[in-house]
Each structure stands twice: as structure tokens, then as C-alpha cells.
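Take a look at the following structure, please.
We just call them A, B, C, D, E, F, G and H in the order they show up, numbering each chain from 1.
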Amino acid sequence: MKVTINGTIKEITNISHLSDIVTQFCKQPKNIITEINGQIMPSNQWSNTSIKDGDMIELVAFVGGG
Amino acid sequence: MNLLHLSVADKKGSMSLVTNKNDALIIAGQEFKSRFLLGTGKFKNKKDLADSIASSASEIVTVALRRIDLEHHEDNVLEYIPKNITLLTNTSGARNAQEAVRIARLAKASGYGNWIKIEVINDSKYLLPDNLETIKATEILASEGFVVLPYMYPDLYTARALVKAGAATVMPLGSLIGSNQGMKTKEFIKILIDEIDLPIIVDAGIGTPSQAAEAMELGASAVLANTAVATAGNPVLLAKAFAQAVEAGRMAYLSQLPGQRPLASASSPLTGFLYSNE
Amino acid sequence: MNLLHLSVADKKGSMSLVTNKNDALIIAGQEFKSRFLLGTGKFKNKKDLADSIASSASEIVTVALRRIDLEHHEDNVLEYIPKNITLLTNTSGARNAQEAVRIARLAKASGYGNWIKIEVINDSKYLLPDNLETIKATEILASEGFVVLPYMYPDLYTARALVKAGAATVMPLGSLIGSNQGMKTKEFIKILIDEIDLPIIVDAGIGTPSQAAEAMELGASAVLANTAVATAGNPVLLAKAFAQAVEAGRMAYLSQLPGQRPLASASSPLTGFLYSNE
Amino acid sequence: MKVTINGTIKEITNISHLSDIVTQFCKQPKNIITEINGQIMPSNQWSNTSIKDGDMIELVAFVGGG
Amino acid sequence: MNLLHLSVADKKGSMSLVTNKNDALIIAGQEFKSRFLLGTGKFKNKKDLADSIASSASEIVTVALRRIDLEHHEDNVLEYIPKNITLLTNTSGARNAQEAVRIARLAKASGYGNWIKIEVINDSKYLLPDNLETIKATEILASEGFVVLPYMYPDLYTARALVKAGAATVMPLGSLIGSNQGMKTKEFIKILIDEIDLPIIVDAGIGTPSQAAEAMELGASAVLANTAVATAGNPVLLAKAFAQAVEAGRMAYLSQLPGQRPLASASSPLTGFLYSNE
Amino acid sequence: MNLLHLSVADKKGSMSLVTNKNDALIIAGQEFKSRFLLGTGKFKNKKDLADSIASSASEIVTVALRRIDLEHHEDNVLEYIPKNITLLTNTSGARNAQEAVRIARLAKASGYGNWIKIEVINDSKYLLPDNLETIKATEILASEGFVVLPYMYPDLYTARALVKAGAATVMPLGSLIGSNQGMKTKEFIKILIDEIDLPIIVDAGIGTPSQAAEAMELGASAVLANTAVATAGNPVLLAKAFAQAVEAGRMAYLSQLPGQRPLASASSPLTGFLYSNE
Amino acid sequence: MKVTINGTIKEITNISHLSDIVTQFCKQPKNIITEINGQIMPSNQWSNTSIKDGDMIELVAFVGGG
Amino acid sequence: MKVTINGTIKEITNISHLSDIVTQFCKQPKNIITEINGQIMPSNQWSNTSIKDGDMIELVAFVGGG
């Protein structure tokens, strides 16, 4: 299955829900914010949000800024 | 001795200069003792950042949002910011109102992002804020319940539109971001201070504690700095210096500074000594 | 956390910026924590003066000498100055070296007057110090064992002559006495800071805490103010503001402020967010 | 007897020493400094410094100054 | 000797600084030798005005429109302006785009008013131009065939919008109208000069010939002044001074001024004389 | 129309601002039309120098003296300076009064050197003039019949001593030689203009025509420039620009410039138009 | 007949056309610009523009301005 | 014969007067100013000023200066 994560196409396996994406791709998963197909997805919904081929996923975090 | 009780004059002419008991900065109903906001970008390391937040005693710090790096581990900036501090997420990266709104909503989804510094920049050379798009974003986000602090180019009409749009403060730039040139827009920030009934927070270009103090003496409600602190030889010490200078500038404003005079005026008595009978 | 330990650079290039453990101001071998000197002229009342000395935490205050008024009672200014404070008697009223020397000797006779601020003014309009007479007075008084702090117009050759004459500090004017215009002589004070191996104390014309902080950021060792404080709406609060701004400016100097930049430079990351694939 | 005090000629009576001058003319005698005929006179000498007709006396005090 | 031929550099990096044979100012295809525009308000008498137009050699002068006074005779300002001069009617009095458009159309009806300086002011205290309404008025009038010179607050995004709206020049304010404070907006006018492909004419607040020259040295295409000239002791002489200073500033710009240097640099040879063998 | 006849005010309050029929600059009894003095150092080639003298219409130019190079041919600078121009030989290289006197006497032996610009510099970093030695040299040379124009650091007491020593003008520095920073000493030059009854010629640091005009507007009698002209891309054009700006500044001074105002003041009538009955 | 000229109501007599208004009310008629009822009226139309009761007329001129 | 010219010792031959020095050492002799042993020597004296061993001679010219 192919999905786009932060603009890059990734071939993923063993993944069924958004929570799996976060676990697998976020080296530092705390305070991560996600969008799936342009929709913001709160963290309490990750485990029941299914991933399907072609999904556009954004993984966003807080960084230093002025 | 509460020195503040001696203040009597007022910027608008009718109320006391100190509008509340402890001269707190009030934004969206929330009280802050500190009038120095610290940005968290560009620090050489997170230890310096954490120590600078501590030494500055800032109660509001800005952060940004960014796509995570899928390949490398990145520190979570939030872990270096104490829980009691108000997080102010900026919309840096937004080139128009719509993008700013999207970033603000993402921030909110984290549970930390109700306070938003709107920053809409559509110019990669001077990084000047786009006032028109900033007004639009302010309107949308204020109506969604965000506490909105728009960063803007100090234009009186824009400031008035921001008030109408529901902004919680107005944040005019002092000079170009990261230029450390101080208040090149001083005359126009003064107009905002005199005319706008919201806290004016001077943001961008404030490169030294003396410049920060000058903004406060002018009547600004607070100052935000980032680049100067983060890129100093000793950021932790400079963060403290900024905070202290902001306080000094505030006290000076409240104490009603005398103005400049064109000519000399003696501070010691010059007459009646030694040679009056010569 | 001793923030000062992080300082490494140095104005002369060889030693630490902090030349002693607590970054004390050292004049004639005596250590001072405070780098803000307060003048005692022009206060509306002696209570304000006493409270301002307290709120500023100044350790050196200036006084003048004058013939007493035979007809009216006058307060004794010394009664409002705590005993642990170093009294610095100025020679205001002196129009040449000889008169300055006479005033200094009178001060010494009181038992309080070993520290002398030489002030020779022969111009009643601009109140500018006469550098040549100041050098002469410095030479005489230093040789008599006075601790001599000459007030001067910031001329490099004069400063060098004062060093040679035995001055304990050099006190260049920022702008005309009582004008509150700040450092109109900034470029030339900077030269003194860089070239003269004595504490440089900026005196005269410093009208706001931000101006005082700016002098310290430039590398001045201390700042003296009087008129601005004494004539403010709330002198006690402004005295505190000055002291705090001077401290802030000192910390900024020690923290190695980054310089000004001609162009903008982002404090938040601008790339890699949201629209890179659009 | 006439003396000049701080530039003003004064007719004085019942005065023999500088200490009497200070007592009589200084409404606030603490920390006063004196000169007599151009000579500084320390306070511990006042009581044995005689005053004579025509003396020039200066009475000086500390005041606020910058 | 045509001094201009020696100029080689260029502000945009590709063309000559002098973009046409005689370094004419070109607005809407029309060539002007003079780069000094004179306003006609506030003159004490019409004779001074006529003489000032002559002494300045201005080729573009501004006028305003107003309801006539039904009770008193008023001079017709046009009778004091030579026929060969381009009349630039301002829209002073307009508080929004619609009113500015109405004034422009009235001017056009006179047969003199095809060139319009848009001035939309909705603030009676600072008289600042309303950028948003100015853009709207520019768009409408440019589409109706007017030559539109909008007066504006120097905001880069507004300037870009004015270009798009069909403006013939952009006229940023130097400082508040009539304040004679010069270019308080210097940094931001410089940005317009560098980024906008239209003549930049600095308007408002230019109070001295030296300030006008400074604007030209920065790269402005022209300068407009009124208050300073009209209220001078000798307006006719000052008008000439302004014109000459504007020319001098233009020449300086074309001659590629060297920049400022932080340190001294001798203009006479310092070595090899007299004491090298001592 | 002789515009000058309209001038009525006066810097000292009693005479006309224009002290002679054609507002000539008078030094040592000699009249000059031009108030711009050109230095001849640092030009890339002698052709540029000759053309710059011509384009500037300067009537006084400075030169220096130096040991000839025994190995290489050097151009004779005098061959590029028209005979009708007053040669002003500086004493650059002199570190004290004695050396300055020696150089002046050498100059005189040439038959060209009766006019001397005293320049005593004992500091190779900032190239600041030594006021004390300058006074001494002025005294000696004036008594020997030289026309003495001392270059000095703008200190009022020094200027008074120079008057007494027989100087023909006083030439205060604007900022460090060759720095192009303009009048960093503006406040103190103004004092000399107001207090000294000799022509004040601003020398050193004047880097742009606008700065030169500013000095003239302040009331200076003339301006000298060298480095800025000689190192410009087009020195010949810039020399002309300087001369023209100096003239403009002089006219502005004579026309009694209005001062700065803190607030806006309309130049067009704002009332009575269009909406008064709305 | 009553008309409003520059915001003031005027009772007028012996007036039939706009040209009469200009002649009568403009002390200096050169370069005058007119509006009638919000409509700009060029000078070559003045003599055939009738005036009727209640007309709103604007008479505008050039003045000095910056 | 050895003389010092502008600080450099020079071995000279065929030279008897200051005028010869100027001719031989000044590539551009116009407007030259001379000192001999600290004494300024006007050009009209050059041809009758003898040169002797050890003389200190300065040859000075005008150059550009500010």
C-alpha cells in the first residue's frame, strides 16, 4: 500500500490505522499532530482511523520559532 | 513601598497609567507579570533555550509548527517549556490567510494551540507581514475562539481593522525580522500606542535590551525578542538582560519621564558660591 | 547558576570581559556592586531623594558645596544619604582649575570629601566642561591624594592626559547637562571605552533608562544620572528603573550582543512546511 | 566689629571665636565647612580661632548636586 | 562633457542607472527634466507661489479642488501656474475610494485634470493615507484612463498592489504631512525603490533640501515638497534650494556614492614624510 | 530677481543673514563665491582630479606636502590645479605643533603656501586632531602671517582659543576622516556656529551631498570633502553634486527653514469640500 | 425657485440655465467645474442645462494643495 | 661624497651645488622645496648653495591631500 506522508510517497506494510503510522514514522511521537486527506485528526481518533492506499498524511510537530 | 501607587498620569488622559493593581499585562483576560515574550527559534541547543526561558521569567513563549523529519530524530521543543507557560504558536510559513488558518487549527488540535500569533509573509527577502491577509486570518480565527495576536506592519488603518476583527493584541514590527535594528518604525508604533485600545507588543527587530526598554518607555505593553537572544554569545544572560530592561522601561513609562530639552540645564546650583562677591 | 561564568570574550582581546569574580565596578581599589551613580540635585523634596537613593541601590552619589544661606534654614543633604554610601563631591561652580581645587579642599575639610568629581565650567549657556582646566585640576588633586573622577567632553587626547594626570575614572558627557538627549557623543565615547584603561562613566544628558542601558551595552563601566530622575513624575520609581536598566545593559554587554544586520533573517523555520508539495 | 560672611558685611556683637560665628549664623550647623581669610579651618579649630574686625569668613555646606 | 555618460552601475543590476539619454524622469511616457514636484498649498500669497514655481523649475505641481466660496472672491490658482506645467490634482478631502474617484472625475471635467494624485485620508489627527482605499481608487481611475500617482504609507504589499492596479508611480510618505521630519520611513522606502518597477516619488514630511537630497541618494526618482517651502521665510529661495538639492542627490546617486565606514581612513598620505628617519 | 534680497533674519540677531552683497564667503579678507572646498587626495588619476575641480567650481583646494620618491616619477599635483584657485596646504603627517609649523614653513618656501590647514594628528587609529597642539601651531603660524585654517575636534573652548590665537576659520570634524558618516558631532558644531565669530567650515566625514547640505542648513559657512568624491564611481559627477548641494543648503539657511513639528499638518485645505452637508 | 448650491439653499430669480448660476454666483468664473444633481456638467453644456426648483448644484474650483 | 637625501644615504659624484641635487634626484623638478641641514632653502639660492660630505637634504613636493 502506498501513502503520501509529508509530501513523500511511502510504501507501507503492516499498517492498518493512523496510530500505526505515527508509531512507525515519528521518532518522537509526543505532541504530534496529524492530518489525513486534509482533515485534522485528533490523537484520540488515531486508533480507529483506517489507512487506505493513496491516503495523504501530514505529521506535524512543534518546533522552535519566533 | 509600592512604587506604582505613586503613578497618577495616564496615556488616554482619564484613567490611571496602571490599569490594574499590580500593573499586570492582561491579554484576553489572562494576567501576566512579565512583559517580555521570548521566541524559541534559532537557539544553538535546547539546554540554552530552557535556561533562557527560566532566566527571562517569560510567561509567554512562541513556537512554530513544522512537518516532522521522517529520517532524523528531532527534539520536542515542548519538553523544554514549563507547563505553566502560555504557548503562543505562530503561523510562520503561511503565505496567505488560508494557510495561517490551517496552521492555527492544526495547533489547536494538539491541545496547546489556542493562542495564535498570526504571521503571514509572502515575501522571502524582507519577510514583511502582509497586513491585508493578516486581517482576514484574524477575523476567521477570532470568530473560531482563538486568542489572536497578529504580527503586522505598523499601519494605523490596519491596526484599527485588527481591533474590529477581534485581535487580542496588536504586534507591530520594530524593524526587519532578525535585523536587530530596533524601532525603525518608532513614530508609527507611537501612533498605535496612542490610538489603539489593545495591548501593543513590539515584535521583530528588537536586538538589544536598550531598544526593548525604549519601546516600553514609549508606552508599548510588551516586547517580544528571539533572534538577538538566541544568537548571542551567552543567550541565558541576555534573556535575563532583556527581561530586566523591559521591566525598567515599563517603570520609566509609569514614572512619567521628563522630555528632551534643547539646551543645557544645571543639576547643581551654579550661583551663590565662592565668587559672587568678586 | 552564575550566568557571568559563561562570558568568554573581552574588550581588549586578552582577558575575560569580567575582570573580577562578581563583575564589580572597581574605582581606586574600592569595589561597587552597583554601576549606577545618582546625582542629588533638583529633587522636589528630600524624602524623594532619600527614597530614590534606596530604590536605586546606588553606592556612589554626588553632592555639591555651596555657601549657606544666612537668612533661611536649609536641609543638610548629608542627613538623607546613608553612611555606607560613597559621597562624590562635585566642584560645580568652578570656572577654572584653581577654583575646582579650592572646592575640593573645602570638601576634604568636612571629612567627607576625598572623592571628587571635577567639573570646571566656564560657559553659562551650554555648561560644557573645560577639558584643559579639568586636566590641570586632576593633576593637582590626584597628587594631593584625592580620588579624582573628572567630568569631561569626550576627546581622546584629553582622556589620555587625564589618565596620565592620575584620574581614577574618566566621565565623558553624553549630551548637554540636563538635556535628556542621551549619547549624542556615542561614537566618541566608544573610542574612549576602547582606548582608555580606566572605568568610563557616562555622565550628563542621560535622560532615560534605555539610554543608560545603551551606554552600558557599548561597554561603559557605569552611568550617572540626576536631572531625569529628580524631575520625573515619580523619581523613586525612575531611580529604580535606571538602576535596573544599567544592570540589564551590563549583562547585555557581557553576553556579547549580536550586531545589526542590514536584511531580514527568519527566526522561525520557513521551509519544509505544508506546501512544499503543492 | 564688622566681618564679611559669605560676601555680606555683618556687624557682629558678642562674638570672639569662629565657633560663635557658626553657632550664630548657621541655622543648621552640622557638616559646615569654614574658611577664614582664604584659609580652610577644620571644625576642631573653631573654638580657638579668634575673630577680628575685617575678617573674611566663608560658611559652606553640602547641597544636592549632580 | 556629459557627466552622466560616465555612469555604469545599475540599481537592478542589468541596465544602466541612467535609463534614458538625458536621465529624464519618465511618468506615463512623458519626460521631465526636473525631479522636484512642488505643492501649491499654504503659500502666504499667490505672487510667492508663482515665483516659487519659477525658481524651482518644477514641471509638475499639485493642486486641490474645493467648493468655491459664494461670498468672497478667491484667486484662481491656475492663473499662477504656467501653461507648460503638468497639473497634478490631488484628491484631498476624500475619505474613501469613492470620494477620491468623484474628485478625480470633477478635475477631469475641467480639462486639466487627467493627472491625479490619490490621497485618501480617513484620520484627521495624523493625516495618514488609507492604503486599502488608495488601491481601490487607483484601480478604478487607471481603468478610466487617468494617470494615477497614489500617495501611500510605504508598505511593500500595498506598493505591489498599486503596480497591479495600474499606478503610474508610487508616492510613499517620508513622515507625517507637514511635519518636516524627513524620511522617518527610510528603510521601507528603500525597499520600495529596490523592489518596485515604477518611479518612487517621496512625498510628505520632506522639510529640508538635505532631506530631499537624501531621498534622491537613496534612489528615489523624485521628491515632492510643499509645506516647508510655503511656510519658509523666503519661499522663493527655498524652492530653488529644494530643486537644486534634488538634482544634487540625483547626481550623487548616479555617481555611485561610497558607503559609510566604521573607522577613520586618511585622505592625505600619512607615511614617508619628515620623520621616517627619526 | 535677486533672491537673497528677501532674506531678513540673522543668526546673531542684529545683522542680515547675508553679511555682504553677494553672500560671498570671506576668509582673511578674500571673497569666494563657492562654499565647497575640495580635497585632492586619493583620486584614482589626475585627470579625474582636474575634472572634479572644474565640475565642483571650488575656489579653494587642499594639498599636502611629502618627500619625493627618489626612485619613481610622480605627477606634480599643482599642474592639475588652475592658477586662480587658492591652494590650502595641510600639515598632514604632523604629530605636534612643531612639526606642523615646519611643514607650513616648507609650504611657504614654495611660494604657494601662505594658506595652511593645520592638521595635527597623534593617533594612527582614529586620526583625531589634537586640539591642544593645534592651538599652539595656530598661534605660531598666525603670528608669522599665515592664513591659518585649523582642523579640530568640535570643542567650544578650543574654538575660542583658536579665535584668540588668530585663526582665519575654525574647521570642526563632522565624523572620523574618511568614514562618510556625516555630522556625528552635529549638536556641537551647532554650538560653534552660534558662538564663534569666524567662518565654521565642516571638514572630515562628510560622505554625501545631503550631509553637506545639512551642514549648510545648520549655518556652517562652508564644507570640505575629499574621500567621498575621490573614491566614488564617478568623482567628477559627485564633485558637482557636492557643490550644488552646498549651495542648496546655503540657500535653505538663508531662506529661514521652518522647524520640525511633532504632528501632521495638512498642506491641502481639508474642510468645506463635498461632504460638509452630508 | 429654490436650489441648493454648495450645500446652501438659495432663492434664485432670473435664472434659467446653469450658465446663469455660474455667472451669478462665481465671483471668479474661470476654470469652474459644476455638478448638477450628482452629475458632472461640462462647461460647453451649461447654456443648455435648465435649472429647476430643488436642483442640487456644486460649484468647484482649483485651489492650492500639496 | 656621501649625503643623506630624504633619509637615505646616497654616494654622489659630479655634484657641487644644491641645484645639482635637484636636477639629478628630482624626476619632476617643478615646485620642489628643499631643506638642507634643517634649513629651508629657497629655489633662488640653490645654485649658490654648496654641498659637502654629510649634508642632510630634504626634497619635498606637493601631493594630493584632504
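One rule holds in what follows: a contact is a pair of C-beta atoms (placed from the backbone, for glycine too) under 8 Å apart; a residue touches a chain by one contact, two chains touch by 3 or more.
Quick caveat, the model's predicted, so the values are computed rather than measured.
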Touching both subunit D and subunit E (chains): B
Longest centre-to-centre distance from subunit B, chain (CA-based): H
Of F-G and C-D, pair with higher C-beta contact tally: C-D
Rounded Å distance, subunit C centre to subunit F centre (Cα mean): 35
Centroid spacing, where centroids are CA-atom means, of subunit A and subunit D in whole angstrom: 93
Whole-Å separation of chain centres (CA-atom averages), subunit A against subunit G: 73
Length of the line joining the C-alpha centres of subunit E and subunit F, rounded to whole Å: 30
Per-residue overlap in subunit D, given as positions that touch at least 2 other chains: 7, 58, 60, 63-66
Residues of subunit B whose C-beta touches two or more other chains: 39, 41-42, 64-67, 90, 92, 125-126, 128, 176-177, 181, 226-227, 266-269, 273-274, 276
Listing of all chain pairs that touch each other, if any do: A-B, A-C, B-C, B-D, B-E, C-D, C-F, E-F, E-G, E-H, F-G, F-H
Subunit B contact footprint on subunit E (complex, rising order): 122-123, 125-126, 128, 130-132, 153, 155-158, 175-176, 181, 184-188, 191, 195
Complex contacts: residues of subunit F adjacent to subunit E: 1, 3-4, 6-9, 39, 41-42, 51, 55, 64-67, 69, 90, 92-93, 95, 99, 102-103, 119, 121, 124-128, 176-181, 207-211, 213-214, 216-217, 226-228, 230-238, 240-242, 244-245, 247-252, 254-270, 272-276
For the subunit C and subunit D complex, residues of the former touching the latter: 39-43, 49, 62-68, 70, 72-79, 89-90, 92, 105-107, 109-110, 112, 177, 204, 224, 226-227
Of all residues in subunit E, those that touch subunit H in their complex: 266-269, 273-274, 276-277
Partner subunit F, residues of subunit G touching it in the complex: 4, 7, 58, 60, 63-66
